[in-house]
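Both complexes shown next keep subunit A, but they swap its partner, so subunit B is in the first and subunit C is in the second.
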Partner chain A sequence: MWAAGYLLKRIAFFFLIVLTAATVNFFLPRLSGQDPIRERMIKQVQSGSAWGKGIEEMVEVYNAKFGLDRPLWQQYLTYLGDMARFDLGHSIAFYPKTVEEILREALLWTIGLLTMTTLLSFVFGTFFGALVAWTRAPLWLRSLAPPIMTMAAIPYYLLGLILLFVFAFELRWFPGHGGYRIGTIPNLSWRFLLEALEHSLLPALSILLSSLGFWAIAMRGMMVTVEGEDYMTLAEAKGIKSSRLFFDYGLRNAILPQITSLALAMGYVFSGALLVEVVFGFPGIGTVLFNSIKGVDYPVIQGIVLTIILTLATTTLILDLTLPMLDPRIRRQA
Partner chain B sequence: MTMRSNGNGAARLNNGSPFLEALGYLRRNPTLAIGLILILGLLLFSVVGRLLVNIEDASPLSAPPYQSPSAEYPFGTDKVGRDLLAVMIVGTPLTLRVGLLAGVLGVGFASLLAFAGAYYGGIIDAVIRLVVDVGLTIPSILILILIAIALRGVNPTEMSLIVAATAWLWPTRTIRSQVLSLKERAYVDVARMSGMRGREIIVRELMPNLIPFIVANLVNTTASAILATIGMEALGLGPTSHPTLGMTIYWVILHAGVLGGYWWWWVAPVVIIVLIFIALYLTSVGMDELANPRLRRSL
Partner chain C sequence: MTPRPRSNGEAHAQSAALQVRNLRVHYDTPSGVVQAVDSVSFSLEAGERFGLVGESGSGKTTLAMALLRMIKPPGQIESGQVWLDGQDVLALSGDEMRKLRLAGIALVAQGSMNSLNPVTRIRRQLLDGMKDHAAAGSNGTDNGTNAAKLSRREQEAFVHDLLARVGLEPQVADMYPHELSGGMKQRVCIAMAISMRPKVIIADEPTSALDVVVQMQIMETLRRVQEEVGAAVLLVGHDMGIMAQFVDRVGVMYAGKLVEVSPVRDIFSRPLHPYARLLIECLPSLEVKDTLEGIPGLPPSLIERPTGCLFHPRCPHAATECETQEQILDEAQPDRWVACHRLDLIHDLQPETGVS
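Right after this comes the complex of A and B.
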């Protein structure tokens, strides 16, 4: 019985988020009343890549093409329809290319980087946090806690700048820019994958190091609470082995809220990772965003915003749906 | 609630002066003390710096470009000839101010919503909760990017206003749940039975008890506002003509300053930004203890 109500609620929430995202995406850039096409054209004239003559006609042609001459509510409805079909329109800066084409490849890089780092950081951070709270853990391990937790206060990309300098500029151990060597054409071969891996190590390390502390802090708090529970004292009095006490009694109970916060933290991780990509010139969504902001490419920026929110909403939905299987308490609540 | 309620039974240096009492409290809460000292230190750096260095040098073309640190330019200069020491002296308080303003606006609005929602309940509360739930699922940096590209060319104060547009979401959620738990306390019932009305109960009974909690929230919100501000600036959406810390990071990224080997260009802003975040983090952990004495942290 719990399933239907809970399921419906989560799915409705998913659609609400997507609708909000699309609406915000449509109205916010129009707040200022500026004309994106005209602005873009003027910028192109200034940079010398188009002639000043006939610009008004070009603006009109473009406006008709992008439907910018129709009333706002009509544009909004068309926009929602386009979004439902995932038609994100064309890039202004690279005109014949569609936004979807530009994003498809970039998204692959970003998702690869983020899945890898988020999982590693979640596992290591959670385990580390649990050990730090565990009174029987060795002292050297517990003394690692303050530096790692302080690291959580540093934005990912600043750590990225430091790693870039140390490992790519000074030591030259790792490449400092891009996702593969200049001249390589992305393909599905082992050589290319290795090359891509080599290029993602530094960005991954910056995200990993600065997000470990986040999971550790949360897990430590939960583990301390669990350690104070009566059943822990009882288990200890019964003489249960220390390792079993840690994994089956402590970790197993303390980890559940961590999984809930995994859904909440995805957005935070995503925003942090955007700038890490920019620092390393990693060919993901973040770098595309950086370049689109520089080039005033509204459709691409809007496409990125929508894609990220869609990705996050989907991740959240998946986590929300798997959580009741792991945690009987949520089943009962729902 | 006064600090007295945090007494841990030890002999206390209290001879009535609130200043001495505060100092005595800080001695027992070193986390808060270190955080506050760091913030004061950063402000002092800027105040003293203004006396010793010509802050006009924070604008382009006031020094030769790409100078490594020397007696004349202790922090070096950047690509377009800004004296980086002057940039840091101007930029540090500017960045702090942008964050604090956004934090105050965000927490102020959040408290208003939280009190209204949690106290009156019903449809108002349900709407506030839904908006917050949806808003928190969408990364705020994306909303901020959309606003900032629409407004193009902002100044630091406008930057605060933009950041404040999403800064209220998280504090609304936490303050609301705190109000919900407070209003179940016996003294609120007593107040209600003795004839106080909604607004009076909020102002006279709930608010005084929530002030430490709201201040702790202010520190957190300011920290995230600064994080968002620097993030937007690093993406190129900041005030291009103001030498803030985030803009310095943007110039470094844009001109590949790290791989170019100009280490002094990014070391100073990175160190100061990291100090700001550590200071705010320690202050917030320390504040937590002040706001919530039952929560004794071992860190």
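Right after this comes the complex of A and C.
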């Protein structure tokens, strides 16, 4: 039976990926050679919020508190232990806020924004791409291809800037910044949800419009290839209905690589659309990551990257487990 | 058993399973119009096995696809008539044509290795064509099984029966194409082709990807099921050996035209058209040891075609009239149709005393 051995292999692979990535995640920020606590202190002195005297002592105390004074290998082991318990520690920049708190707030925004846009653009883009390649599709639909393909060539942050300029600045239809109005306290009410939706529309649109074309282009290419396959000819010679030919024979075969891409794209949902979030000041993971890199906030960077790694590895695992169901040929190689 | 064909079919429109008259197909390419099929006429009696031979690019496959009305742009059926069991195929609407496929005229395709949908089970692929013919009946599907109305158990029995007819185990129904050998895949394709008991099966080089042993098995299977369901077979290919063993009559195509249509025995023992003769002479012989020779020259470009008889640049008997005048298929002897100006001179046909 293929299932048991295959399953074990995939799960072992999952842990290997996570461990490797977590290790890189630990060492990479430390290679920058920056001293986050000293820099933060110096900044505070410069802005006048701390005295110059006793700085060295304070740096030492904080370094001890964050465990930054110990040898690197000890820090690494502690880090691995913490990670295994999902204990991400405290933010340096927003001490005493824990990384977990920061992530939880930001993740909700990002997941909301990106799950919706990723799924929507996958569904519409894939379907559209398939129809564009389908010689039996109506002409008006197929003539929509060039504009959507063009849209895919525009980087989404640039598209975001254009949308921002047109709809927020000139027309003033939508708010141009943040996830909710200044002064609103986030809570679970219809009013707040509507407000959040209103703020998410432009960033969502910029991601949707640009990624739609990406899905469509990939799907169109696959569909064209599939349409040239012998089984399509034979299926047509079997007098099969056009709809069955499209779904059962065409789409069903052409979509396989798309599923792989979707799983990978879903993994990136947690990393946020960094540039779009920064452009729109959207309070998601992208903005947090951007700020914590600027502030050399190791724990937060590590926390975010670890989240990304975990989700990517998980989606890959899910993909590995579901693809054999969609494509019987994979089962054999397992 | 199969009725001996008596003519090229002009007078047999009623009894013929398939009747093709002056069919022309061309491809509109940027470099010019390619006349892939040029005024082809022939007919198949019910249950007859007819072979269509010719070099690559002679228009065999285009002709086969045209009969199914599956010529894709830039290709186009220009003119002509195709009658299937008394039905004017070229006059049918798109949906009527779709329903005629499989039910009236079925295909066993060339690339047997990739002819099956890789992601669905054989059972589903054996049944889905029929399911889409559910409301048929008006166009020659009275004897076709209507899978949509079958119960699950009946469907299962039906699939097993189909598989058994082509010599496959019932378990094959649960398999995917990649789990089958090339020969098994082609058997599945044959099972599909007979599933609605069509009047005509087009077999387009059905054994091209298989080794000789499997080739023979497949041809035997095809012959058996064809006789069982009483379908006529149009076998397209260039393997003269397979033709000799399988078909009743052979049509030789050259540059989109039929140059000779003759009973298979006659064409092997005494090919009449110079091209057919050269083609037969190309076959290696077991008795005579000799260097293998081809036909000198190349097939003509179908865009800039020679004038007159298309074969005249390569023909050893060509005369001036061959360069200027086209020749149509003519009954040179009983049952033997040849398009050649110089036939009498080449063969001295008049005192013919029966061809063995």
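Keep in mind that, in the parts below, the second predicted complex is superposed on the first by the 319 of 334 C-alpha atoms of A that agree within 3 Å, B and C clash if a C-alpha of one lies under 4 Å from a C-alpha of the other, contacts with A are read in each partner's own complex, and residues count from 1 in each chain.
Assume a residue touches a chain if its C-beta (ideal position, glycine included) is under 8 Å from a C-beta of that chain, and two chains touch if they have at least 3 such contacts.
Owing to the predicted nature of the structure, the values given are computational and were not obtained by experimental measurement.
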Joint occupancy of subunit A by subunit B and subunit C, clash or fit: fit
Contacts of A:169 with subunit B and subunit C, given as first, second, both or neither: first
First, second, both or neither for A:276, with subunit B first and subunit C second: neither
Touched partner set for A:301, first subunit B, second subunit C, both or neither: first
Touching partner for A:328 - first (subunit B), second (subunit C), both, neither: second
If touched residues of subunit A are counted for subunit B and for subunit C, the larger one: B
Which superposed partner A:288 touches (first subunit B, second subunit C, both, neither): neither
Angle at subunit A between subunit B and subunit C, C-alpha centres, nearest 10 degrees: 70
Contacts of A:236 with subunit B and subunit C, given as first, second, both or neither: second
Subunit C versus subunit B - closest C-alpha approach in the superposed model, Å: 8
Subunit B/subunit C common contact set on subunit A: none
Residue ranges of subunit A in contact with subunit C within the complex: 135, 229-231, 233-242, 244, 248-249, 252-253, 256, 326-329, 332
Residue ranges of subunit C in contact with subunit A within the complex: 68, 70, 72, 98-103, 106-107, 109-111, 113-120, 128-129, 132-133, 176, 178-179, 189, 192
Complex interface listing, subunit A residues touching subunit B: 13, 16-17, 20-21, 24-25, 28-32, 34, 145-146, 149-150, 152-155, 157-158, 161-162, 164-165, 168-169, 176-177, 224, 264, 267-268, 270-271, 274-275, 278-279, 289-290, 293-294, 296, 298, 301-302, 305, 308-309, 312-313, 316
Complex contacts: residues of subunit B adjacent to subunit A: 130, 133-134, 136-143, 145-147, 149-152, 223, 227, 230-231, 234-237, 249, 252-253, 258-259, 261, 263, 266, 270, 273-274, 277-278, 280-281, 298-299
